[in-house]
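These notes are about the structure you will find just below.
Letters A, B and C name the chains as they come in the text, with residue numbers starting at 1 for each one.
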Amino acid sequence: MALALELDQVSRSYGAVVAVDSVSLDVEGGEFVTLLGPSGSGKTTTLRLIGGFERPNGGAISIAGRRVDHLPPYKRNTATIFQSGALFPHKTVAENIAYGLRMHAMNPSLIRERVGEALGIVQMGGFEERYPSQLSGGQKQRVALARSLALRPSLLLFDEPLSALDLSLRLQLRADIKRLHDELQFTAIYVTHDQSEAMAMSSRVAIMNCGRIEQVAPPQQIYNEPANEFVYSFIGESCCLPVRIDDGAARDQQGRPVDIRLAEPPSSGAWRLYLRPSRIRIGNEAHGCANTARGRVRFTEFLGDFNRYHLVAGGLEFFCDRAGERQYQIGEEVEAGWDTGDMKVFAA
Amino acid sequence: MTEAALAQSVGSGRLAGISVTVWRAAGIVFASFVTLYVLIPIGVTIAMSFNDGSFIRFPITSWSLRWYEGFFASTRWTQALANSLVIALGTTVISTVSGILAAWTFDRYNLPLKNVIYVLIMLPLFTPGVVLGLGIAIAFGGIEIGGWSFFGSRGSVVIAHSLWAMPLVFMLMEATFRTVDRRIIEASYDLGGRPVRTFFEIVLPMVSTGVISSALFAFVISLNEFVMALFLTSRGTQTLPVLMWLSLRSAGTPELAVTAVVLATAVFACMSLVMVWYVRQLRKLGR
Amino acid sequence: MSGAQQVTSAGHRDAMLARPAMKFERLVPWALVAPALVIALVFFGLPILNTLRMSFNLHVDQRVYVPGFTLDQYWMLVKNPIFSGSILTTVKLSLICAFSAVTIGYGFALLVWIGPPLWRVGFIGLALCPLLISEISIIFGWWMFFPKTGLLSHTLLSAGLIEDRFSLMYTEFAALVGLTYLTLPFSFFIILSILDGIDKRLLEASSDLGAGPLTTFREVMLPLTWPGMLVAFAHAFIWAMGTYATPSALGPDTLWTIGFLVQEQMLGRHNWPMASALAIVLVVGVASIMLLMRRLMARGGRFHD
């Protein structure tokens, strides 16, 4: 069976600015693939290329095995859910949902059936005659989702649909979209800059940076086996320790020795050590760790579920999180430790 | 009063006590002066239209509707009124359609020489009516197509009036289209709406307020304009303002006041219709 | 899935026709802009060029025009005091009119700006009136107000302020009153739109720093609003230059403006070349005002940055 979506070396540039730089991506039917990246990484442009709102400068885009690069949006079998919902303000909810079906010359009774069905799916039954201005932000997004689902497109495109909503609503809609995907098994491309959203919903995540895809993998793999330094630093919280190694001994960038002991020190040279703050142990718990560092507490932050201790060791600064009461005071010397598997080393 | 707000917010210094009173008085005087200035010709005209006498002379001693009866009984005046309305409607249609299409193009597409085209479309609006009237009369005065002569026809006036109305529609609609959320148009394309259907079913209803207002402006401009019409009409196609001008030059009677009132009534009736429509629209979408 | 199926098949056909579709696509904007462009080119560009050409034709033997090439008309504009005088009169009248329109418009806009919101609607409606009423009706209104038998004279006489009836009709003052009436709404709305963009708290800030109303006006309001005043002035000036009915109907018989002479030469004397030359002078005048305004605005922009 043909792939639901196939991007082959797709590029898009605006004058000298390259927004999308030969991106390739294969998506199977029923997959939920998220494009995740900082702003300006080309994720939205990629989505707009798939939807047909932009034309690529090079490469090929195929949807369900059919080349679509030069087709306008109204000839592509995709449906986009926009950030703002982009509902037609002068049409009722029912008219909004019926619009796409009418454009495809469906017969009226079938349209009515589909509209009702779509509203049921997004739990918006009874809102048929409302105008968009009478809906809340979350309701608008539900209607937008229903409008796209009603068309039964071969590809659903989400353009940061939740970013304009407040936190509780965002979590609720996130769960709803996930549930709908499990039930209906549609194929979705989802653009976001919110990693927790990406991690929670996706079957695979594509990390984008500077117009390129850095890594495509299931969420767990992205988190545990980042392909490169960018992915590691972008996903989750991390501390970066820029060090110089001379014959197994660590120094800071100014060349002063620091009290860091590594079980398997890399060869001599400049390196960046990355650690997850949640995986660093501190104080007594650090005893017996393969890797340790001694530092002084510079300041602490109370962050609800845990305390965050900011430590200085020579010219290096890092932080670690620990649940429970605050145990260490400012200025106190403490030991921090971590397992070799929790550390990533990248050449500087 | 109004100036008091300024004085209060500004003159909190030593002279505040005196300034508030002085500024307030100045404000009232000035506001009354402007109000009077604007209302004098209007009030005089309305009063004179109900005069029973045959001459324009104050004080008015007796009142009647006889000049109104005279106006609607005279085929010369009613013919001119009809001409005015037909020309104004023609101008509205031509300038609204061409202005909206051009504004839409400027909003959605890239054209070479966009700036030149922009200036070319806008320039007629800043050209005096005498120049436009003269130019068209000279350039197209001799044109005849199968016995129908362009000069003196209502069509020639419609075209001339469109030179003012079209740029105005273009300007207003360009600003209006800029307020339309691009995503909504993209959503329509995305759902399978082709450009033409999207334009009529999504874009136009969204900017309907702008469309109606600019059509109203076009209508009013054409209805009131008389310099170009003076150059381009013949006896049978004279508009109301042209006939008024010619009558004023020969002899002014209260009949002219009636004409002025009728002309203004036509304008304000259109405005009221638009207002009613606008309020209904608000009630439908808002609430 | 019938809808989706249809899209697929239609899309496939179009994919194969992609190339001609692209070419057609490039013509779409031209087709859309065509009606406006045709109106502008054929009924504005062509007549203006034609008028320019006409202004160089000969006018002999009382014929409307004789094809040829002469600078006679333009030479006449300089030499003949009737024409040179009319140019001066027009400029002078327009300058005074623009000045009073901007002054009154500014004051009124300021009043509306700081006044209570309830007044705002009423005053804006009031300012709209002159825009919505035909120039000819306004002329007629003043025509009934100024003469000996008019309302002004009658009112003053009844109030006992004057001894005998008097007339202000056919004076330059009456012409100016009429012209300013026509241009006032433009300057009012232009200046009001500028004022609406100003944060009213600036006034409070200025008074907090100890400035009186006049100082505040000079130091805060004037620098912020002068570009708007300039635009309003230019608009009023251009508009006043182009009108001919108001000055000729309300002013004295000797008050000949360019617009009046265009009409007189064209419809009265059937001298097309002369009428054209006068029209060209008018166009050049309007164009140079607009260019001058742009230059001044550009300089102002630099100052503000």
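Here is the rule we go by: contacts are C-beta pairs under 8 Å (C-beta built on N, C-alpha and C of every residue); 3 or more make two chains touch, one makes a residue touch a chain.
All values reported here derive from a predicted model rather than from experimental measurement.
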In terms of CA centroid distance, which chain is the most far removed from chain C?
A
Pick out whichever of the two, A-B or B-C, is joined by more C-beta pairs in contact.
B-C
Where the centres are mean C-alpha positions, what is the separation of chain A from chain B, in Å?
55
Inter-chain centre distance, chain B versus chain C - centres from mean C-alpha coordinates, in Å
14
Would you pick out the residues of chain C that each touch at least 2 other chains?
7
Two or more other chains are touched by the chain A residues 104, 151
Contacts with 2+ other chains: residues of chain B:
192, 195
For the complex, which residues does chain B have touching chain A?
181, 183-184, 186-195, 197, 201-202, 205-206, 208, 284-287
Touching chain B in the complex, chain A uses residues 51-53, 72-74, 78-80, 82-84, 86-90, 99-100, 103-104, 131, 133-134, 147-148, 151
Per the touch rule above, chain B residues touching chain C in the complex are 1-3, 5-7, 9-13, 15, 19, 23, 27, 30-31, 34-35, 37-42, 44-45, 48, 55-59, 94, 97-99, 101-102, 104-106, 108-111, 117, 120-121, 123-124, 126-132, 134-140, 159-160, 162-163, 166, 170, 192, 195, 220, 223-227, 230-231, 241, 244-245, 248-249, 252, 256-257, 259-260, 263-264, 267-268, 271
Parts of chain C lying in touch with chain B, wherever the complex brings them together:
7, 28-30, 32-33, 35-37, 39-41, 43-48, 50-51, 54, 104, 107-108, 110-112, 114-116, 119, 123, 126-127, 129-130, 132-145, 149-151, 153-155, 158, 181, 184, 200, 203-204, 206-208, 210-213, 216, 238, 241-245, 249, 259, 262-263, 266-267, 272, 275-276, 279, 282-283, 286, 290
